[in-house]
Amino acid sequence: MVKTPVLILLGSESDMPLMQDGLDFLKEMGVTFVLDIASAHRHPEKTAAYAKSAREKGIEVIIAGAGLAAHLPGVIAAHTPLPVIGIPLKGGALLGMDALLSMVQMPKGVPVATVGIDASRNACILACEILSIKYDEVRVKLEEMKEKMRREIDEKSRRLRSRTE
Amino acid sequence: MVKTPVLILLGSESDMPLMQDGLDFLKEMGVTFVLDIASAHRHPEKTAAYAKSAREKGIEVIIAGAGLAAHLPGVIAAHTPLPVIGIPLKGGALLGMDALLSMVQMPKGVPVATVGIDASRNACILACEILSIKYDEVRVKLEEMKEKMRREIDEKSRRLRSRTE
Amino acid sequence: MVKTPVLILLGSESDMPLMQDGLDFLKEMGVTFVLDIASAHRHPEKTAAYAKSAREKGIEVIIAGAGLAAHLPGVIAAHTPLPVIGIPLKGGALLGMDALLSMVQMPKGVPVATVGIDASRNACILACEILSIKYDEVRVKLEEMKEKMRREIDEKSRRLRSRTE
Amino acid sequence: MVKTPVLILLGSESDMPLMQDGLDFLKEMGVTFVLDIASAHRHPEKTAAYAKSAREKGIEVIIAGAGLAAHLPGVIAAHTPLPVIGIPLKGGALLGMDALLSMVQMPKGVPVATVGIDASRNACILACEILSIKYDEVRVKLEEMKEKMRREIDEKSRRLRSRTE
Amino acid sequence: MVKTPVLILLGSESDMPLMQDGLDFLKEMGVTFVLDIASAHRHPEKTAAYAKSAREKGIEVIIAGAGLAAHLPGVIAAHTPLPVIGIPLKGGALLGMDALLSMVQMPKGVPVATVGIDASRNACILACEILSIKYDEVRVKLEEMKEKMRREIDEKSRRLRSRTE
Amino acid sequence: MVKTPVLILLGSESDMPLMQDGLDFLKEMGVTFVLDIASAHRHPEKTAAYAKSAREKGIEVIIAGAGLAAHLPGVIAAHTPLPVIGIPLKGGALLGMDALLSMVQMPKGVPVATVGIDASRNACILACEILSIKYDEVRVKLEEMKEKMRREIDEKSRRLRSRTE
Amino acid sequence: MVKTPVLILLGSESDMPLMQDGLDFLKEMGVTFVLDIASAHRHPEKTAAYAKSAREKGIEVIIAGAGLAAHLPGVIAAHTPLPVIGIPLKGGALLGMDALLSMVQMPKGVPVATVGIDASRNACILACEILSIKYDEVRVKLEEMKEKMRREIDEKSRRLRSRTE
Amino acid sequence: MVKTPVLILLGSESDMPLMQDGLDFLKEMGVTFVLDIASAHRHPEKTAAYAKSAREKGIEVIIAGAGLAAHLPGVIAAHTPLPVIGIPLKGGALLGMDALLSMVQMPKGVPVATVGIDASRNACILACEILSIKYDEVRVKLEEMKEKMRREIDEKSRRLRSRTE
């Protein structure tokens, strides 16, 4: 695997706590990443530069999280052939519906792979699924994670059944 | 008044018919404009270049119309201190709600002056109201338009009353 | 610049804390303003009088914030050729969607330049962008603000990168 | 009964066909009405004048229909102690939800009695229900209408049952 | 005025605190009322009986508040020619949108005069506006209330202006 | 099986074409039904009588379809211990969302088993699933239908694959 | 009655508190149930196995509660001819609207009997209504519950009236 | 590149015309695919079998399109570590909002990479972006496509400018 295949860009430092769940997953998977702040509107040049140079630096998947009129992943996708995953964030009056529609309804030609509102862990799992088509060690770990999810449900089920029977 | 104070950018040629109502208003007002196609996602460099150079070319107000995840006015606003008016367009499954939220819910620091869905005429009236704080001839014409709207309603009212009484 | 180019009208005293962020921005910019309470429904005469006399008093931009069926900016726009900026406020059951639609979906002929829900700062930035087409000192300060936003992101980015690397 | 107890104001001549169903009901009931065009935004003075003088002219109920950011009934209610019935009209991208919220979510102190989207007949029935607390002949006719609705359903039921059995 | 012209029915005892604002208004106006619990679904016979006998008992306006699939005012309206005012209540996951649509979108023939979500005071003002077409003393008090609202805004405005100038 | 275990009530004759898909399914299943018109608001007594007497007449499941503020299934459920299935119908401005929320958000104590908008066939399948817990011949036929759905997809799949390969 | 006619599956242990209200109702009714954890996505095989074997084990009604993209009841319904009741749960940004639409809008052929958001008690009442067509003792208890609801409202009404009169 | 890296599954044959735009893109890119019908609810075993065996057959990305309560991509994602792209389809009363929320709001652990409503071309572009991290020839073609989009806008812009100047 390349050294740092994932680039994560957040619209604001205050989005960091919400991203933690996804970062933990990447660490479990042994997938390294760069994490930075970017803004489609307050610092467009930096955002464009990041997007344009990502592939050359070895990045293979980009994750971008933003709230409100959440243009960040779309603007990044405009500048790179890499797959871009968007996380719509809830932080505003409209519960994240604004961010969701601002990401998922991208015009023809420039898709954003959108996950659920605030779903940073799912964004990172999706990034690993994408990497897994190239790196077999990632696929093996994803299958272990799926197996672990099954075991956890079996375990919870056993606990619940013993308690209620 | 400067020669061409208004720049109008549309996300697609197919949005032209919808813009016509606004263009007609600008012509009535004697306000000249440049009209062009731009795309925040399919041609980001051209869009940024347009936005960055607008003020120097004498543009004083920018109008941008787009549908779906309608980032165009926000991306333009990122690159210019000029006021940017956004027209959310209906052309998609969600009736224009996606475009409306993608424009109006801009993050702190970079506002878009959003008008109603498909409201190209209101966008152009707003552009003239902005110009009117600097150019008295525009203000005078706006007041005439307001007076004309009143007379039209009086006229329609007279016609309706005579028909129903 | 004229002495007091901005008039801000709020639907209720309880909206004041929310407006503060915008007022702070105007003070930073050195743009003076009048702030008052008005109501399209509980005191329509005062509201109409305010709107009608604004231009003569030297006002160049009006900002109006209201919640629920938020008619205030639309009713003001009916009485003046000045640009009117609307801030939809969240204060009710429907998260501000009612106020947003009551402002942005204005009928043909009478636009309201709508900003995001509770976005008082963006409303005041938009007011300054409008003034900037006439007053060069405002434009210079807006460009400084944009530059400052970029520097802040660079700074945050540096801090975050040093912490995570 | 007073000669003309009902005043009906529409935002636009194009709303007339939709009002017809309600007007037919008033005619069946023998309740006379004035029908006119008004606009909260394009002719605010006329609208205010209508509202202010309505009671003195003998009007007892006002019905106002409008689409988009439908301020008309709210603006009328601001100027009169008479009950004001609002009909939100569908004519726009958002299916009438904008008009519904712009009417029903009125601020404390100035209610609008809102009926369903495009429901002109229900608006006129409600107007008659209001008049019926004062004019017994209206109440008697309303009870006949209710009885007639029951008979119609019985009749349709009989027809349907005979066809399917 | 009749002794007790207003009947208020709530879907649940827990809706009482929310109704208080409206009850206070009726007391200020000197309009007496009956307040009771009713349920379209849990006790349909009692609800129907209330609705059917209301007019004979001298009731002239009925107010019904309910949340969720809020059928109460519609079911009452089915059984009486009296005007029925509906207050959609917020108490559930969907912020009151379910209650609003369940009330306002009544089928042709049986209107409900719907006010805003949780707007118990506006429901009671509307009830008085309806009574005012028959009882002049109610109209006089409504006009005093409107005058008082204006004075309050003037007062708040004076206070705010003196503080900020 | 009892002679006629299913009662179907529609809010209006115009809803008949939409119900046809479900009626065809019941006929395929050999489950007989009564079909009639009822209205929670225009003929509440008939609706209540239907609901109250249904069980004694041998009815075991009730299906009710209605649009707008669709109270019909809820009002029926208030009067019977039988399971009541609600079909929200699209026929109005709000795409059936009003009918869906008016049915599914029933208050505690009186559930309506709600199916999708305009989903008359699914309502009838659900009715048969309910009957199948008592009548084994219905269960056998449901399992055959499920098997047939699988075979149809296999068949379509074969056709599509042969065409595209 | 069979020993355990109801199977309840929840998407997560954290949904248990919300289910309690429904479980209490089943206990009052003397209807026994199996309660377990299942997941359409994290443990699809277990879910399918549960659904496929339910009928043979004597289960007659299945209740499934889930939040977000709530596929659980639909996936269960795919594998059994038994009636499946779905409870959309609120636990996410979108107030439960995502779960509601993911359940109620099932494709033709595989219905889910959907109840209100978080409405675990109504789901259990509906399960009993379904059982009541086969087991007379359940019907008798349901009628007692309905009678009790009426008495409770009568009681609350008496209390409220004595307090306010 | 592997022989057939993309598997496309649609919920119904009637979704085929809508998919054509995406299939054309894959052909332009020289990326071969398997296209088939599947249903999470009407034929769950076939869908599970497809998902489980996909990776062994050399599939690297799965695209699934469905309408209404669109569980297909989520159910597939439950059975495979491959990235799954979901296309919400509009075909129902709710404009595709039901399908969008049923896909994008997947629970933690099983993401679906959701694109816009009816956006089959964007789904196929996203599939190629994913493949491009492994196959350089796909990346080169994606960059050519991005370049072509820019040239098309330049061309349209020239045409429009020459027409309006």
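Order of writing sets the chain letters: A, B, C, D, E, F, G and H. Residues in each chain are counted from 1.
Following the convention adopted for this analysis, a contact is a pair of C-beta atoms (placed from the backbone, for glycine too) under 8 Å apart; a residue touches a chain by one contact, two chains touch by 3 or more.
Here the structure is a predicted model, which means the values were calculated and not measured.
Common neighbours of chain F and chain G, listed by label, are E, H.
Traced through touching neighbours, the fewest hops from chain A to chain G number 1. When the contact pairs of C-D are matched by residue number across F-G, A-G or A-B, over half of them reappear in A-B. A straight line joining the Cα centres of chain G and chain H is 35 Å long. Inter-chain centre distance (chain A to chain F, centres taken as mean C-alpha positions): 42 Å. Averaged Cα coordinates give chain A a centre that lies 18 Å from the centre of chain H. Across the assembly, chain H contributes 39, 42, 68-69, 92, 94-95, 97, 104-106, 109-110, 116-117, 146, 149 as residues in contact with two or more other chains.
Contact between chains, using the touch rule, shows up for A-B, A-C, A-G, A-H, B-C, B-D, B-H, C-D, C-E, D-E, D-F, E-F, E-G, F-G, F-H, G-H. The touching residues of chain B, when paired with chain A in their complex, are 11, 39-42, 44, 48, 66-69, 71, 74-75, 77-79, 92, 94, 97-98, 101-107, 109-110. Chain A contributes residues 55, 60-61, 81-85, 100, 104-106, 108-117, 119, 121-123, 125-126, 129-134, 139, 142-143, 145-146, 149 to its touches with chain H in the complex.
Within the complex formed with chain G, the residues of chain E that make contact are 13, 16, 35-39, 42-43, 45-46, 68-69, 92-95. Contacts from chain B toward chain D in the complex involve residues 90, 95-97, 116-118, 146, 149-150, 152-154, 156-157, 160-161, 164.
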